[in-house]
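In what follows, chain A forms one complex with chain B and a second complex with chain C.
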Partner chain A sequence: MTAEEMGKVSKRLRATFAIASVAFVAVLAVSPVKDYFQEWKRHEKDYVRYAQTRPDTKHLLADFHSGIDQIWLPDMKVVDRCTTCHQGITQASLGDSSVPQPFRAHPVIPHPVKEWGCVVCHRGQGPATEVAEAHETTLAWEQPILPTKYIQASCGSCHRGDIPQTPQLNRGRQLLSELNCAGCHRMQEIQRPAMLGPDLSNVGNKVTREWIYKWLKEPHIVVDASGNTVVDGYQTEEEPRMPQFRLTDQEITALSAYLSSLKSHPFESYKFDPRVLASLEKRPDLAELGQERFRQMFCTTCHSLAVTRGDETKLIGGDIGPELTKVASKVNPDWLITWLRDPQSYLSHALMPRYQWSDEDLYKVTQYINEKLTDPDLLSNVPQLETPTPEDIQLGQRLFLEKGCGSCHVIEGVSPQKDFGPDLSSLGGKNVSQLEFGSAKFPRNIVSYIQAKITDPLSVNTAARMPQYRLTPADLDAITTALLSMTGNPSSSGLERLIVPRPRPGFRAAGAFGEVYERYKCYVCHRFNGYGGTLAPDLSFEGSRARRQWTIDFMKNPQTLRPTLIFRMPQFNMTDQEAATIADYLGMASQSQFVNVAGGNLKQFAPEMAAMGKQLYEVKYQCQACHTIGSSGGYVGPNLSNAGNWLNASWIEQWLKNPQALVPGAIEPRRTFTSEEIQALTAYVLTLKQSGQPKAAISGAAVTGGAK
Partner chain B sequence: MATSSIDLALNRLRETRAWKSIFRRGPARTNRTRSLAIFGNIFLHLMPVKVREQSLRARATYYLGSFSFLLFLLLTVTGILLMLYYHPAVPQAYLDMKDLRFVVSNGVFLRNLHRVGAHAMVIAVFWHMFHVFYRGGYRPPHEFNWVVGVVLMLLTLFLSYTGYLLPWDQLAFWAITVGTNIISAEPVLGHDVRFLLLGGNLVGENALLRFYVLHCVILPLVAAMFIAVHFWRIQKDGGLTLRDDHEREGHERQD
Partner chain C sequence: MNWRALILVFAISAMATLQACREKAAIATTNPLLKAYDVEQDANDPQRVIPLNYQQAQGKRVFNNTCVWCHAEATPAGPSNRSNVTPTPPLFTDGETLNPLTDEFLQNTITLGGSAMGKSTMMPPWGQTISEDEIRSVIAYIRAVAQPPYQPTARPASQYPVK
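Then we have the complex of A and B:
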């Protein structure tokens, strides 16, 4: 072949090249075409079309820029392209629910979208520009959008303390702590308290084996013959702190044998003064006297009793201590007396205050409890239990550890297994593939996983040791929210610096006040400097509010300022010395920076001022709508009959200026009084004085009166 | 031969000083000037001045070597484009993959072209090797070029392997973990080689950087040099290995 011939190309080859070229171009064209028809471009076109139907088209289109729109927050390592499709997210005019998604505006929240992006709260895949990739679990993305129902969980990932905007999350955290989940599980920010379940080292002295059997079998619900659930001395509307474990009769027999054999500290029964016994023993109304004393001391502030009115039986009283309707059928009477005199000698971290009992009161109250708070049928369905055999006791001890009892209950000399249940501190951030679903028949996502684990642990793991919890749907969602908020250590996501830590209890009372504070367990109900219960008023600034003498009188005889409340301060029978210690301490330490007590109280008010104040109080501002003076007025605010002895002048002034600055969340409305009006009202309030000691507040309302 | 306007323009171009300074030859009208054109060009001199017609037929080679080379070029071009979007850093590498998918125009196409091209290159190289083997291409005088080819095949595999880590996803991580553990099972040097490859004892940021440099710089350069040698040796070893009957047929026709 010559060189010239070689350059010739056959027709067939030409045709082949032509076809191949066309095919090649066609294949190459697929990619630009797909690029042109991307989902987000379609949504942008839809948005423009939608904006043109709106009255504020011009404004909407001025803010619109075609192309990928992203929120880039390098600090948080967030790249959110959600706003590419969710174009109207910051347009106030598109907030209405008639606006179709994805264009609707976000409700106003403290964190603006442009500063925080979307995925920090909503999860999902921020960089994605496809609907499925952004919202769902896909092959290469396992954190789908968090259902809006549980969105408060995201608040909790950073706000480790409770904030008022997240009631569901707060409730969930409260439940996790109340249900003693921390006994077995490690959780983010849910601390293990000193006492989960009672210390059982000495339980054999306190209750009988039959009662233990009954409790283990049915801590929750006892059903009467007709199948109705009744309040039976155990049940409350809420979950009891001890959940129902799946135990066989044999296991319960063994456990009750073991527990009833625990009598680590023998106690001596208390000997009453024989004169007191002699004077009271024969009285036919002994139980009634005891009941009266029981009510006067406001035991029901912490303990509840079942009250039947009509067909309805319900518990009335507080839930700090156990419910007591049938307590006499539970505890040994001698133990009861020892307990009442000094709860901490039985249980060093008991929350019950150590009252100053007179023999007379103690005898009356214990007689009342033993006679009235009892139910002879309580243990009727407990089988005959023989004297415990050593084998039973041994088996019971083994079961105590195997079933996880030791995670909540302490027994001296028995060391429980550490970390009995799985660590939940990063559960909320787990990928679906990290969860063990077993053969469970529910959707594979983290919400159904958490809920199945709580409501039916066996559905996920047939060997689960977790007890059964019965929660209302709302509570279940609350717990789910709290667990979802535990996303573990965010050091990798750049969110670490955003964490608002949970306030730590920092208040420790020392010295003479410290002793009184511990003895009467003030912190169980009252809050001091951010630490303590929320049942009763916060006392952090009490020294600015109340006068010393009034505080002493109140401690000695806590008559109520708010007669509609069921929960009242118990009468501790304090000594003068103790009451003075408290008043002095509050006066020294519990001062608000806003109230100048020393300066304000020297002020003298002219009688005309008080008269003008009375006028303002009664006519202009009608304070009597909420406050009572003497015998007339409303019940929303505190009774002011003795306010002149009670309140400091400077407190009243500051309070009238801005109540919420002194007590955050106070319901008193903030009015714009002139300073002259404030002076006048203060002058008037200071004239309100009751002479003499008021009578002890005697009321049966605590037990029989209305709802909480 | 009719001279078209293009030919005229070309001829005029060939007369210019610039053209002459570059190519230093007149128009390739005779076999000698054609040969000189090949010899005098750095790229073309790798090619033989003359080839037998049989060796140009599809059935002689199925152009498998050419395909491999074309795929190498394709991978170089797409690879360079991908490098514009890629950071060899943790976890940015994976996020760059996501960006290629979600925001880069034709990013998915670009990435898939690179990926599918790499698969195709491995297939083409192996096919090429089998083909040459069954043609007896390893026999003298082609022994050295056979060895060069084997090295090129290993380079291709190693390029594939190093590229596998770069997306920094689970598949990549575990593939490299398993692969480097296999290396460490090797006696004496195994652990050290693994340490050298990973820049540490586990697949982390150092490993990603090393694999990136290997994949984008070292291995492609080495491969390019071996490819040059491979091409050059074909003509030095007397052209392609043809099947005996083809060769015979060729001789007959030449005679």
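Then we have the complex of A and C:
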């Protein structure tokens, strides 16, 4: 190659090199340009421009930082850059809904946004700096923002115990435990109870094969007289605990054969006193007498009955025990008597108290139930079922285990499959790619996934064994929230320190009181030392409040004290001995540190003090707005007509000083009485006495079925 | 030789545009109720559902524990205590009565009681029973559910810059 030729080549090469260099510089330049046009920089500029239109520009701009803003919570493994764009989030003056996003201020919450950032509650991708990546599911960033409707789930991933600020989460957790979800699924913080559904070892003695067939075919779904399908015979607000399983008629026939053959403990039918039978048997109003007794005993505090008033049929009564409108069409009459006399002999974990029955009462009430709480048409569409064949029984037993019945119901000698359903203890933190959607039609996000799984399990997986629950939209959202809160075990020991534990108190009394406490199941409704139900008043400090004789009288014949409580205490027909045991125990053990019952001297309350107290009560403080004395006054607080016999003087004094110190959460407002006023009001309340509550008034209050 | 240069230019431009071609997820338009901490059924219009934010939702909780007995038609126990109180207390949704009252007035009435503000003595003071923040949240709640709706009075901006 000559020099000239080389010159030619190099010229061409040089041209190529020049073009390549220019192109290379252009490619390099893309990077700073791209950086310049970043989404977050645009939002920062917009914010500065927006701040200039506000009256407090100077203040807003003083707090403005350009550049990526980051909150780092190493304990929670959270990196949060949201405040890069959400510049105004802590500016109180930008709280109005007319302020455009992303600049609007956050409403006031207990965890300051400046310290906690956003993703702790709202989820999403904290480190992302693009709108779509931070908020939505993209290929690489999988955690989308949690809709605020379910945000209480985030509270629940650290606050494992129920807190009053999160009603939806608490309701969801309550439903998960009530509906026995823990029977099949492992869940965070919701333990599998020892016994979930009723023990079926002896169910053949309780109900007929026809009833079991009906129950399995349409659990709680019964057609009423007009042909409308309603829940449990009547429209209820509560979801029945037994869900509907997808069973063929053949499977139901086999299961009913198997279950009706279970008769582990035969019982003898109870022999009534012949004198009682002779005096009652012929009475035409026997059912009415039984109904009256049923109401007087306040069975409806725990059990509900359908009541039709006008065109409306409503369930009235409590939900601690089962609904009883058609119970006589369900159970064997002999079983009913045995159950009423001693519920725990049939089902050791039954919550039903063991009442003291007289033969007369027992006969009247069972006759009422058998005659009135029945529906002859209930089993009319059940096919003719023959005596169970051994093949049917064998198939039924296999189905019992295959369908997962054994996860909730115990049968002696049958061991259920362990971990029947999938583990849900870390469901709430899963990415979309970890969920199995199959050919589902709904949007691919975790909320839709959870809700579809509950409302229609087959829409996700055609082989699902999960039964059909029918929840109201509010309950469905509550359960979704509770499941979303289960984000698994903390990923670091630092987070474990932040998790607020769930209290698990337990209180079992010992000795003579322990027996009475277990017999009448006091803890189902009342709370003792932080353990027990919330239907009735907390009795932890009852000994400081009530006098011994009053407690005994109340146990023998409970009266209406607090009109704001919906349900009344049942009449247990307690013996004097039992009532005294309760009064003595409460007097000894249920004492508040603030009240010195023995210390008071009643002589200090002179009549003129009581007169002054009456003035204070009626004129200065107008307590009658909430309390009733005699027949006038409000019914927010307890009726004070008999307060002189009921309350201890030192309790009244302490109560007036600070009600919430004695009963946390009491409605009565704490006020600033002077000590003279407290003395005078106490003196007045102690003069309020009633001699012997007339019995008729009590039964009169009972007639409306306990729900007043 | 030309085709080589062409390939080069094409490759470079392809690299440059590749970044811009990334698929961006569209931001879904969501139901406004999905953005609410809690919701409240309008007492007068069952079709209308009012979204509540965190503060308003806490106000609803405090209201239903403390105030509901005298300031609502229906209470958790069934009937209301309103008829036993004279003068009859306003309903919590009564915008005509409550909207003209300022937040400060309501805060003081709830904290100090009716008698301190020249109103009924039957309204007790709650200042020692529920916290200042809780009272503020109750006011936020009744503002949210007021019928006719509450319009905050536009306050003129301060003429002095806030430091």
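Rule of thumb we're sticking to: the second predicted complex is superposed on the first by the 646 of 708 C-alpha atoms of A that agree within 3 Å, B and C clash if a C-alpha of one lies under 4 Å from a C-alpha of the other, contacts with A are read in each partner's own complex, and residues count from 1 in each chain.
In this text, contacts are C-beta pairs under 8 Å (C-beta built on N, C-alpha and C of every residue); 3 or more make two chains touch, one makes a residue touch a chain.
Not measured: the values here are computed from a predicted model.
Of the two partner chains placed by the overlay, only chain B lies in contact with A:R81; chain C stays clear of it.
Once chain A of one complex is fitted onto chain A of the other, the partner contacts of A:P32 are limited to chain B, with no touch recorded for chain C. In the superposition on chain A, the chain among chain B and chain C reaching more residues of chain A is C. In the superposition on chain A, A:V108 makes contact with chain C only, not with chain B. When the shared chain is aligned, no partner comes close enough to touch A:A606: not chain B, not chain C.
In the superposition on chain A, A:A18 makes contact with neither chain B nor chain C. In the superposition on chain A, A:A140 makes contact with chain B only, while chain C stays out of contact range. In the superposition on chain A, contact is made by A:T129 with chain B only, not with chain C.
Within chain A, the residues touching chain B in one complex and chain C in the other are 30, 34.
Contacts from chain A toward chain B in the complex involve residues 1, 3, 6, 30-32, 34-35, 68, 79, 81, 125, 127-130, 133, 140. By the touch rule above, chain C contacts chain A in their complex via residues 1, 5, 8-9, 12, 15-16, 19, 23-28, 30, 33-38, 53-55, 58, 61, 65-66, 69-70, 75-78, 81, 84-85, 121-122, 124-126, 128-129, 133, 157-158, 161-163. Chain B makes touch with chain A in their complex at residues 31, 34, 53, 95, 98-99, 102-103, 105-106, 108-109, 169. By the touch criterion stated above, chain A contacts chain C in their complex at residues 12, 16, 19-20, 23-24, 26-27, 30, 34, 55-56, 58-59, 93, 107-109, 131-132, 135-139, 147-149, 151-152, 164-165, 167-168, 563-566, 620-622, 624-626, 633-636, 660, 665, 667-672, 707-708.
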